[in-house]
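Take this structure first; my questions come after.
Note that the chains take the letters A, B, C and D in the order they are written out, and that residue 1 is the start of every chain.
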Amino acid sequence: MSINLFFWGILIQSLCAIIPLIIKNENRYSFLSHFGALLGIVFSLLGTIGNLVFGSSGLIYIGFNPYWNSLNFRFDSLSTFFVLLIQILSIPALLYSFSYQKPYIASGKKVKLYVFSFIMLIVSLQLLTVANNAVLFLVFWELMALLSYLNMVFENEKSEVQKGSFIYFVATHLATFLLYVFFLMLHQITGSWNFSEFHLVFNSTPQYYLLFALGFIGFGIKAGFMPFHFWLPKAHPIAPTYLSAFLSGVIIKLGIYGIFRVFEFLKPTDPILGWIVLAISLISAIFGVWYALAQHDIKTLLAYHSIENIGIIGIGMGIGLIGMAYSNQTIIILGFAGALFHTVNHAIFKSQLFIGSGIIYQNLHTRNIEKMGGIIHYAPWLSVFFLIGSVAISGIPPLNGFISEFIIYNSFFKTAGYFGNYYPIFMLIMTVGLALVGGLAVACFTKVNSIMFLGLPRTELKAFHVSRLEYFSLGILALMCIFIGIFPQPVIAFIIAVLQGMPIVNSFGNDFSVISSAFPAFSPFTMIFLSLILFMTMTFLFKKFLSRKSRIAKPWGCGYQHLNERMQYTASSYADELNLIPSNILMIKKDAVVPEDIFPKAGGHFHSHSHDFAEEVIVRPVYSKIIKSINRIVFLSKNDIRVYIAFILIALVSYLAFAFFWKF
Amino acid sequence: MEKLISVLIYLIFIVSAPLFIGIVNKLKSRLTGRLGPSIFQTYFDLKRLLRKETIYAQSASFVSRIAPVVSFSSILFAGMILPIGFYKPLISFNGDIILFAYLLGLSRFFQILGAMDIGSSFEGMGAAREATFAVFAEPIYFFTLGSLAFIFKFTSMYDIFHSISLNDPSFIIFIIVSAISVFFLMITETSRMPVDDPNTHLELTMIHEVMILDNSGLDLFLYQYSSYLKMLVYATFAADFFNPFNVQNHIIGFLLYIIILLILIGNLVWIETMMGRFRMKNIPRYLLFAASIGILNLLIYTFFNK
Amino acid sequence: MYLILALLGLPLLTGAVFFVFDNLKIKYAFSIIVAAIHLAAACLVFSGSNVPDFEQWLRFDALTKLFLLILSNVYFWVMINSYQYLFFSPVAKPEKSRKIFYNMTNLYLFANTLALISNHLGLYWVALESTTLCVAPLIYYYRDKESLEAMWKYLFLVSVGIAFAFIGILFLTLSMHGTDAFEKGLYFSNLIANSTKFNMIWLKASYIFIFVGLSTKIGIAPMHPGEVDAVSNSPSPIAALISASLGGTALMGVLRMLQITSKTPVYQFSQIMLIVGGMASLIVTVVFMFRLNNYKRMIAYSSVEHLGIVVLGLGIGGIGFIGAMFHLIYNSLTKMALFFMAGNIHRNYKSREIHNVFSLLKDLRWTGILFLLAFLAVVAMPPFGIFFSELMIFQGLLANGQYVLLSAVLFFLLFIFIAMSRNVFKMMYGSTKINEAEINQTNKPFDEKLNITHLSTAVILCVLIAMGLFIPPALYNTVSEIAKSFNF
Amino acid sequence: MENVLNILFCLSLLYLATTTRVDAYLKVFVLQGILLFFIVIMPLINRPSVFTLILPVTILLVKAIMIPLYIRKKIIIELEVKRNIESNLQQFNFLLLTVFSMIAVFISSNMLAKYTYIDAIPFAAAFSTIIIGLYIIIFRKKLIVHVIGFLVIENGIFLLGISVASEMPFLIELAALLDIFVVVFLMGIAINKISSTFSVDDITALDELKD
C-alpha cells in the first residue's frame, strides 16, 4: 500500500513540473507548481515512512527491456534513509525557491524552464536513490546532472555563470563515464544488472582494486572529496541560491549514497582501502575548512565547508571500512552511524546557511562579505537563524553538529581500543585532525558571522526585506537543528534501524544488543544541554533584573570617538594570520598599494584572493596540455582535394601491407 | 551522599576561583618587592562591578548582551566535568573529554562574537588573535588527553585520571611530559605571561583583555568571573595529572589537591616574573611544540610497551 | 508485386515526370505522397510480408528490412520539412535550384532503395554510384562558392572511392575463380553460402578495397573530408538526408562483405579493420572539434564520430554488434533533429559561424530548446536512445576484454563532449563579449512562430526517447535475427 | 596477342607521365579507348554474334569518341585553357615515381600469379594504370587533368575487369559505363561553373571551406 503512495506522490510532483509549460501567467503557474510539488512530496514522504514502518523489501517492476532486463525499484534501508533525507530537505528548498523567484518574475524574467527543471530534479533524485537496476540508476544519475545544470544557468547572461555551469556539467559527465565502466564491469562479473545481486567475494575478482577505485572516484567527484572537488567552488556561487542550498544539502549526499553502495557491492576486506578513504577525507576536511577561511565570497565559503563536512562524513565511512576489514561489528556501526548522522546534520544546517546567504544576496546583490556588515540591526531574526546554523556547523555542543562529531570521536577511541599495534597513533592523528577542523570551523564561522552581521554596515543599508515564507523555511531548519541537538535519541534509533537493514552491517552477525552497547550513552546530553540552556536564561534574566540602569553610548575604542565602518576588521585581516601557515597550498595572492609618504593621500588599497590548489595545479595544466597536444595534430587539416586522394592511397597501401604481413 | 559531597566541592570550587588569582597577584607583587593588593582584592573588584552601570555601544546588538552569559555558563558547566580534588565530578560519562573541549569552544565562540559586535578595530584584533591561538590550543588538549585516553582505553575524565598510578616509573615520564604541554595550554588559554600579559593596557599587545575592552558593569563582572573560573578550571585540569599513589581517603586527597595548586601558583608566578613576552608571530610555533610533546608519550607507550 | 512498385517504381516515375513540371506546390504534394507510400511499403516489408525476389536480383533479409525502414523514415521526415525550407532559404537565384530539387530527391530515393534491396554486388555498386549523382546537384543548392567547391570535392572523392570499391568487386570475382560459385555470379546469397571455398588472399584484398572505397561515402576517417564538406555546405534537409541515410546504405556494402567473410579465417582481420576505422574517426573528430567555428560542420563531424562508433561496434561483435545496429537507428533520428534545428538557426541568424549566433534560448525560444535537446541526444544523455546503444557498445568492448580500447574511446568521447558543449552553450546564452544591446537592433525581431520543423523535431525526439527505454519487440526480433545471420 | 596490347597500354601510361600539355593527355586517352576496344574484340573474333559486339562498340563509342569530343569542345576551346598542366612535382620525379610503381606492380603480380589463378601481364597493366591515374590526380593542379586522371583509373578498372574475365552480366557492364559517362558529364558542368566563378581553374582556388 505504502509503495504506491510513494509513486502516487512522484506522479503528482512530475505533473506539477509540467504545469509551467501549460499555464502562461507567470505568478499563477509558479504558485501552482511549487505548492503542488509540495503536496506530492508530502504524499511520497508518507509513502516512504509507511514502507519503513511496515517494511517491504520486495522489488517493484516498472518495465522490461530485452537488454537491461527488469527495470525495477527497491526500498532497502539505505535508500529509504536517503529518500527521506531528500524529501524532508526539499520542503524548505521548494518554499524558498518560490519566494526566490518572485522578484525575478516581477522583473519579467521567464522562469518556466527553471521551475520545471527544479521540480523534475527532485523527482529524479527520489527515483535515483530507489532505483535497483544499474542502467536505470545511470539514467537518473545523468538526468540529475542535466537538470541541475539547466537550473544552474538561471542568470546565464553573466560569463562566470556560463563558465561555472560548464565546469560542473563536464565534471559530472566525467564522473558518469567512470560509473559506466564500474557498472559494466560489475555486470560482466555478476551477470545481472540489479544492485541486489551485485555482491562479490573479495579475492575472486582480479580487478577488485580497479573496481573500488572506479566506484570511489566516480562517486567521489560527485561528493566533492578533495582532489576531485574542483567543480564545487565554481558551481555553487553562480547557481541560484535555492539550487545551491539543494545542491550542497542533498545532491552531494548522493555521492555518499553511491560510495555506501560501492562498499555494499565490494565488501572490502583489505584495511588499506579504509586507510585510503580516511586519508582522503582527512585532507578534504582540513583543507576544505582552511580554503573556506581564505574566501571572501559567502557561497564559495559555504561550498568549501560542504567539502569539509563531506570529509568528516568520509572519516566516518573510513572507520566503518576498517571495521569491515576486521569484521568487527561495533566499529562498523560506530563509523557508519557517525557518517549517516553527519549527513543528516549537514543537510539541515548547510541548507539553512545557504538560504540565509541567498536572502542577503537578494537584498544586497553582492556575495562579497567584505561589503556587508551590521545586518543584525536590520534583520535580527535572520542573524539569529544564521547564528544557529553556524554554531551547529562548527560542532558546538548544544546543537546537532556536536552529536555526530561526538560519535566519530568515539569511533576513534573504540578503534584504537580494539586493534593494537599502530592503530592508537593513527587514531590519535585522526582525533587531532578532527579537533583542528573543529577549531578552524569556529574561527571561520566567527569571521563570517561577525563580518556579515555585527559591527557597522560597510555599505549603507536601507530596508532589508525578508518574506514570511523565507522566515518559515529558516525556522523549520533551525528548529530541526536545536531539536536533534538536544534530543538525539529518535534520530539515533532511526539510524540504528537503517544500519540493521544494511547488508554490510548485518552480515557480520546480527545480535543487535552489541549495537546499543557500542553507542555512547546519549541520555546525559539531553540533561546537560537542557540545564545549560536553563542556566543561561536564568543568568540573563538575573542580569536584566539586577542591572537597573544601562545606557547606550559611543564605543570606548580607547578614547577615539569617531569610529567609522572602514576602521573595522575585515574578513581577510581576520583570517590573515591563519592563512599564512598553508599559504602555498591556499595560493593566496595579495595585491596591495601602500601609500608611502608621511601624510598618506587616498588610493591605497588591499585585495587578497585565494586560488584553488586542485584546479590551478592539477586540472587546468592537464586540460591545457591535452588541448595543446590535440591541436598539434595539424597535418590533417589541409583542405585540398589532392591531399584527400593521397589519404585514400596511403590508407589503401597501409591496410594492404598490414593485411599481408600480419601473421594470422 | 557521594553526590552531595561533589556538589559541595563544586560550590567551593566556584567560590574560590577569584581567590586563586588573588594569591597569584599577591605572590607576584611580593616577588617583585611590592606589598601588592590583598588576596581578596579580586572579590572587591567583582563587588564593585556589580554596582556599576552597564554601558552598551551604539553599534552593539543583542549578541553583546547574551555573549557574556553564554561564555560564563559554558565555563561553569565545563568545570562540572573536572574531578576536583580527585572527587567524582558532577557530570562524568564515556566521552566527556570531548564535551569538555567543545564547551570551552562554545564560550570562546561567543566571546569572540561579543568582541566583534562592537565593531572597533581593537576588539577585532583581539578576536582574530584569540581565534588563531584557539586553533592550536585544541590539538594540544587532544594530543595529551587523547594519548592518555588511548593508553588507558577510558574516555571519561574521571576514569583516566584515576587510572594514573604514579607508583609505576614509566607513568612518571608520561605525567611529566603531559604536565609540560598542559601547563603551556593553560598559559595560552588563560592568557598568562609568556603568551599574553594579563595586566598590560597597551591595546596592541593584549589578546584576552582587549576582547572585553568595551564591556562594563554586569557584563564585565561576568567576563571577569568567567576568566577567573577558566584559570581555576585549567589549573585543576593540570593538577589532576598528579594523582599520587591513588589515595582513597577524600580529605587527604583534597589537601593534596590544594598543595599541588599552590605549587602550580608558584610555578606560574615564577615564570611570569622571570620571562618576557613571546613575539606574537612565533606563538603558533611554541604551541605546535607543546602539541608535539603530547604525541611523544603515546609513541613511548606503543613502542616500548609492546 | 505492388510492394516493388511502391518501393522502386513510384520514385523513379515521379523523378522522371517532374522534369516536365515546375510548379513547386504540386511537386511537394506529390513527393510527400510518394514518401508516405514508400514508408508504408517499408513498414509492410519490415513486418514480414513476403516480396518476390525477381529471380535473385533482389533480397529481403533482416538487414535490408532494417536499413530500408531507416531510409524511408528519414526520407519521409526530410520531405515534410523540405518545402518549409525551400521557401525561406537565403539563396541568391532560388528558382533554378528549386526546379531540380524534387526530381533529384525522388531519383535519390529510387537509387538508394535499389542499392539496399539489391542482391547482386554489381547492381549494388551501380545504384550506389547513381545515389552520388543524384545528391551532387542537391549539394549545389546554394549556387555560391562554398557549395560549388563542396559539390566538386564530394563528387570527385566519392566517385574515386567507389571506383576502388569496383576494384574490390573484381578482386572478389578473382577469389571465386575455380570454385563452382563462380558460375552462379556475384549474388550475395551465393557469396555468403559458399564463402569458405574462396581464395583467402583475394578475399582479403577485396575486403580492403571495398572497405576503403565505401568509407569515403560512409565518412570514416581518414576518408571523411568529402562527406564532411558536402554535409556542412548543403541545405539542412539534404544534409540530414546524406548523413542519416546515405551513410547507412554505404555501410550496407561493408556489412555484406563482413557477412561474406564471417565464416572464413579472414574474419578476425576484417574486424580489426573496422575497429581501426572506428578509432581513426574518433581521433579525427576530437582533433577537428576543437578547431571549428561552424555549427553545421560541427554536426557533420559528430556524424563522422557516430558512424565511427557504429563501425567500432560492428568490429567488436556480440552485444557490441547489436549496440551498433541500434546506434545506427538512433543516430539517424538525432541527426535529422539536429539538422532541422540548424536549418532554423541558419535562416534566422543568416550565418553559420558560432560566434555570430547568441542568446538562442531567449530569442528563438522553441528552436533553442529543441536544439539543446537534440544536442543532449547526440552527446548521449540518458533519456535519449544513443546513451543505451553506446552502453551496449561499451559492454561489448568489455566483454572482449579490451580495457585499453574502452578507456581510449571514453577519453575521446569526453573531449568531444567538452568541445561540442562549449560551442553549443556559447550559442545558447547571451554573448558576453559583444555588447548585446546594439547587436539586437540589427537582426531583430526573429519570427519565432511554431512551424512544421519544430513539430517534426519534437516528434522525432519523443520517438528517440520511447525507443531508447522500451525497445519495440519487432525491432528486437529483427536485430537478433541480424545478429544470428552474422553468427553472434 | 593480348599481351602486346597490354604492353602498349603501359607505354601509353609512361607517355602520360612525361607530357606537360593538356591535349596530349586527351590524345593518350583516345589511344587507350581504342586499345581497350581491340582487347575486348580479340577473344570474340571467333564467335561474331551481334549480341556480344554491343559492348566493344559502346566502349569505342563512349571512350574514344564521345568523352574526348565533349572534353575538347566544352572545356579546352570554350575556356581557352592555357596549354600546359602546372604540376607541383617536377616532371622528372613524377616519371621516376611512375616507373618505380610500375616495377613494383609487375613484381607483385608475378608473385601473385604463382599462387592464384590470374595471368600476370594484363593484371599488372590494369593495376599500374589505376595507380598512375591516381598519381595524375594527386600531382597535377588543373581540374581537367583531374578528370582525365579519373578516366584513366576507369580504363584501368575496365582492363582489370576484362583480364579477370569475370562473368559480370552484360547489363552491369553497360550500366557501369553509363555511370562513368554521367560522372564525367557532371564534372564537365562543374568545371565550367568553377572556371566562371573562380576565374582560374586550377585546384588551389578551391580552398574556401575552412574549419
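Note that in this section a residue touches a chain if its C-beta (ideal position, glycine included) is under 8 Å from a C-beta of that chain, and two chains touch if they have at least 3 such contacts.
Note that the coordinates shown come from a computational prediction; the quantities given were computed from them, not determined experimentally.
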item	value
Comparison of A-D and C-D (more C-beta pairs in contact)	C-D
Inter-centroid spacing, chain D versus chain C (mean Cα positions, whole Å)	31
Chain A and chain D, separation of their C-alpha mean positions in angstrom	70
Approximate Å spacing (C-alpha centroids) for the pair chain A, chain C	44
Distance from the mean Cα position of chain C to that of chain B, given in whole angstrom	79
Residues of chain C touching at least two other chains	152-153, 156, 160, 201, 229, 288, 291
Contacts with two or more other chains, residues of chain D listed in rising order	134, 137, 146, 206, 209, 211
Pairs of chains found to touch, sorted by chain label	A-B, A-C, A-D, C-D
Chain C-touching residues of chain D, taken from the complex the two chains share	112, 115-118, 130, 134, 137, 143, 146, 150, 153-154, 157, 160-161, 164, 166-169, 172, 175-176, 179, 182-183, 186-187, 190, 193-194, 197-198, 206, 208-209, 211
List of chain D residues in touch with chain A within their complex	134, 137-139, 146, 203-204, 206-207, 209-211
Footprint of chain B on chain A - complex, ascending	373-374, 376-377, 380, 383, 387, 391, 394-398, 402, 405-406, 409-410, 413, 416-417, 421-422, 424-425, 427-428, 431-432, 435-436, 438-440, 442-443, 445-447, 449-451, 453-456, 520-521, 524, 528, 531-532, 535-536, 539-540, 543, 546-547, 549-558, 563, 565, 567-569, 573-578, 581
Of all residues in chain C, those that touch chain D in their complex	120, 122-123, 125-126, 129-130, 132-133, 136-137, 145-146, 148-153, 155-156, 159-160, 163, 166-167, 170, 173-175, 177-178, 182-183, 185-186, 199, 201-202, 229, 232-233, 288, 291-294, 297
Residues of chain A touching chain D in the complex	637, 639-642, 645-646, 649
